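Just below sit the structures, each encoded as structure tokens.
Next come two complexes built around subunit A: one with subunit B, the other with subunit C.
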Partner chain A sequence: MRLARARLVAGRELRAERAQPDGLAAALGLVAILVFTESLLVGPAVAAAPGIAAALLWIALALATILAVTRSFDRELEDDALEALLVLPDGRDALYAGKLIAATLLLLVVALGGTALTIYLLDLEVALPFHLLLVTLVGALALPPLVTLYVAVSLRLRARALVVPLLALPALLPQLIAVSAGVTAAIAGDGGASLAWCGLLFAAALASAIAGFTIGPAAIE
Partner chain B sequence: MPSVEDRAALRRASVRLDDRTVLHEIELEIGPGVTVIRGRNGAGKTTLLRALAGLIPLSRGTREVGDDVLYLGHRPQLHRALSAQENLAFFARYRGLSTDTIEPALRAWGVVDIARPVERLSAGQRRRASLARIDVERSAVVLLDEPFSELDDEAFTLLAGRITECGARGQTVVIATHGHQELAGYRTVRLDAGTLVG
Partner chain C sequence: MITTYPQAISGPRVLPYLAVASILAGAGALFMALAWSPADANQGDLVRIMYVHVPAAWLAYLSFVVVFLASVAWLWGRWPLADAIAVASAEIGVMFTGLALVLGSIWAKPTWGVWWTWEPRLITTAVMFAMYAGYLILRSLSSDFDRRATRAAVVGAIAVLNVPIVHLSVTWMNALHQLPSVLRPGPPALDGRMLSTLVVCVIALTIFYAYCMVMRVSIERARSPRP
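Here is the complex of A and B:
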């Protein structure tokens, strides 16, 4: 029942995103700009180093996730739509879980697009494409739980635009390190290392999801 | 004796907001039928309804309200990117109800363009779409905060009729208002400076 309700909230979120794709457009736009300017910032030779390319891409994806989730909650605050959800049975749980599902799907799209763009623009040769896909998939699972949690916790704060990145980015460091290392290993052809980082990333995703589900619903005001 | 599902109660409930006591030791039990909460601006009517809805935490006391609650506040509470129809379909599915009643309900409330995103509707149309939730969800407890604001005469009459019907059906309807003598005749609770006075 609870999962069905979370699915309904996620479906509503994705329907709204389809009607007004400003969250997706902002996230894709941000990632594209950062990938485009990457070569200018660090020089073409450095930018093409797999470790640098992966780290910059996933920092951009973390910022894009913050942007998209914040936009998603902003829409709930318009006309007090959030209150209607909170009053529903299991509304807080469904809201957190639904937003998390929608954010994960959205990040997956942006991450796949961003990864493809990075490979194309930097002319990278990927030794293990399947491993790269797997790391990207698990990376997309790992970032949204904490971002959704921090956006939910700071929902009524005036300085939310500053507070969320300040709280979320340091907390996402282990995930960012793991996903960058996993992507680097996949590009370089080190399958064992890539899968090991993938496992760590999955554990981090699980831990942050548990933290999110424990704190997030109760913290929404 | 009303069940927990169809009554709303606060026991010695206090609410503090920004270090100010907005509700003080409220002892209130509301059963099926229509109850009107009256009081001047700032008396605490909205806070009382929000406390009943579970939207604000109590600093003291307890809240006894079932799961099947509909709360309509000052604003329409609809997702602006979705149409009125999509919004109401979400609420109906969430509660496990049929979506067949949505279109007739929206038509009955005079919502002209039910497939248009809510943000492109006028304030009055949004309000009507929001009020159509009363017909679609038929919740055991209905909490309405100043529901007559932004309504024209036709919608005003429609809402007054719906409130009477809900009360007659055995739903627990609680309305916060500072005026509207049209609601005379219902059980009235008066609130002054966060305290029940009658």
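Here is the complex of A and C:
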């Protein structure tokens, strides 16, 4: 029952995004702008160093996740739909889970697009493309649980734009380190390191998802 | 109705005892750290910074674990005392984390040659400091008691994940910072007099933590609209 409601919220969210893809456009736009800006600021040789390219891409993706999830909750507030969802039985759980599923799918698209864009623009040679794909997939699972949680926590705050990055970015540091290192290893051709970082990333994704599902719904007002 | 601070502070009967115990333990710890404990063979008197730096880091851990427990208690039962304990412990924890960072930096300059370096223990500690500073900022943005307490409790329950990360960062990653000398498998890697001085300093600062907690919780409860 809960899962059906969560699926309903996620489906509604994705339909809204398809009808008016402002979250997706903003997230993709942010990633593209940051990749362009980085290459201009540090020069293409430095920007194309695997460690720098991976770190910058995933910082951009973390910011893009914050942007997309914030936009998604904003839509509920603008339409006054939040109150209606919250009065349903298990409404908070369904809302958190639904938003999380939608954010994960959205981030997956943005991460794949952003990675392709980075490889194309910086002319990167990827030694292990399947490893890169795997790290990107797990990375897309690892960021949204905490971001959704922190956006939910600060939903009714006027200073939300300040609070969410302030809380979320330090909390995402282990995930960002793991995904950047995993991507760097995949680009450089170190399969063992890439898989090891991928495992750590998966553990972080699991821990943050459990924490999010346990206390996330309580944070939604 | 808001109670005035002096009334609130004079409330807990245990406070004067904690104050006296804190002063006595502090005096003993100072004597041991500055006079009784030997200088280190390599670091000389610089090692004495450890007697405040290590207890400060330990108390930061303790404070944030208390924030976690109090946050879970708030989410579980909505007890106002739990929220008061959480905010009190978070403020004290941020103070001790800041102290550990500053003292570590002062120690690092003559030892490592730099005030700050990009090293796992330092970075994870700075991140922990930023997270709990964010926790306090989040609290300051809302005047509604229940909402503020719930938001803060969610963040307080998550942020504790930093504590094991900070502690184990030196063993997980190649670190410049020395490995744990006391909280580690096997016997402590410290001279006997240094270890006993460190233990006394930890006890003294823990009593000071208890004193600060009791006072800060009583202030918070006096401020709270709910008894």
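We take it that the second predicted complex is superposed on the first by the 220 of 221 C-alpha atoms of A that agree within 3 Å, B and C clash if a C-alpha of one lies under 4 Å from a C-alpha of the other, contacts with A are read in each partner's own complex, and residues count from 1 in each chain.
Here is the rule we go by: a contact is a pair of C-beta atoms (placed from the backbone, for glycine too) under 8 Å apart; a residue touches a chain by one contact, two chains touch by 3 or more.
Everything quoted here is computed from the prediction, not taken from an experiment.
Of the two partner chains, neither subunit B nor subunit C is touched by A:Glu125.
In the superposition on chain A, A:Ala16 contacts subunit B only, with no contact to subunit C.
In the superposition on chain A, contact of A:Leu146 is made with subunit C only, not with subunit B. Legend: residue contacts after superposition of the two complexes on their common chain; A:Arg75 is shown touching subunit B, with no touch to subunit C. In the superposition on chain A, A:Arg5 makes contact with subunit B only, while subunit C stays out of contact range. Legend: residue contacts after superposition of the two complexes on their common chain; A:Val87 is shown touching subunit B, with no touch to subunit C. In the superposition on chain A, no subunit A position is in contact with subunit B in one complex as well as with subunit C in the other. Interface residues of subunit B facing subunit A in the complex, by the touch rule stated above, are 53-55, 67-71, 73-82, 86, 90-91, 93-95, 117-118, 126. Of all residues in subunit A, only 146, 149-150, 153-154, 156-159, 162-163, 166-167, 170-171, 173-174, 207, 211, 215-216, 218-219, 221 touch subunit C in the complex they form. Contacts from subunit C toward subunit A in the complex involve residues 75, 124, 127-128, 130-131, 134-135, 137-138, 141-142, 147, 150-151, 153-155, 157-159, 161, 165. By the touch rule above, subunit A contacts subunit B in their complex via residues 5, 8-9, 12, 15-16, 19-20, 75-76, 78-81, 83-84, 86-89, 94.
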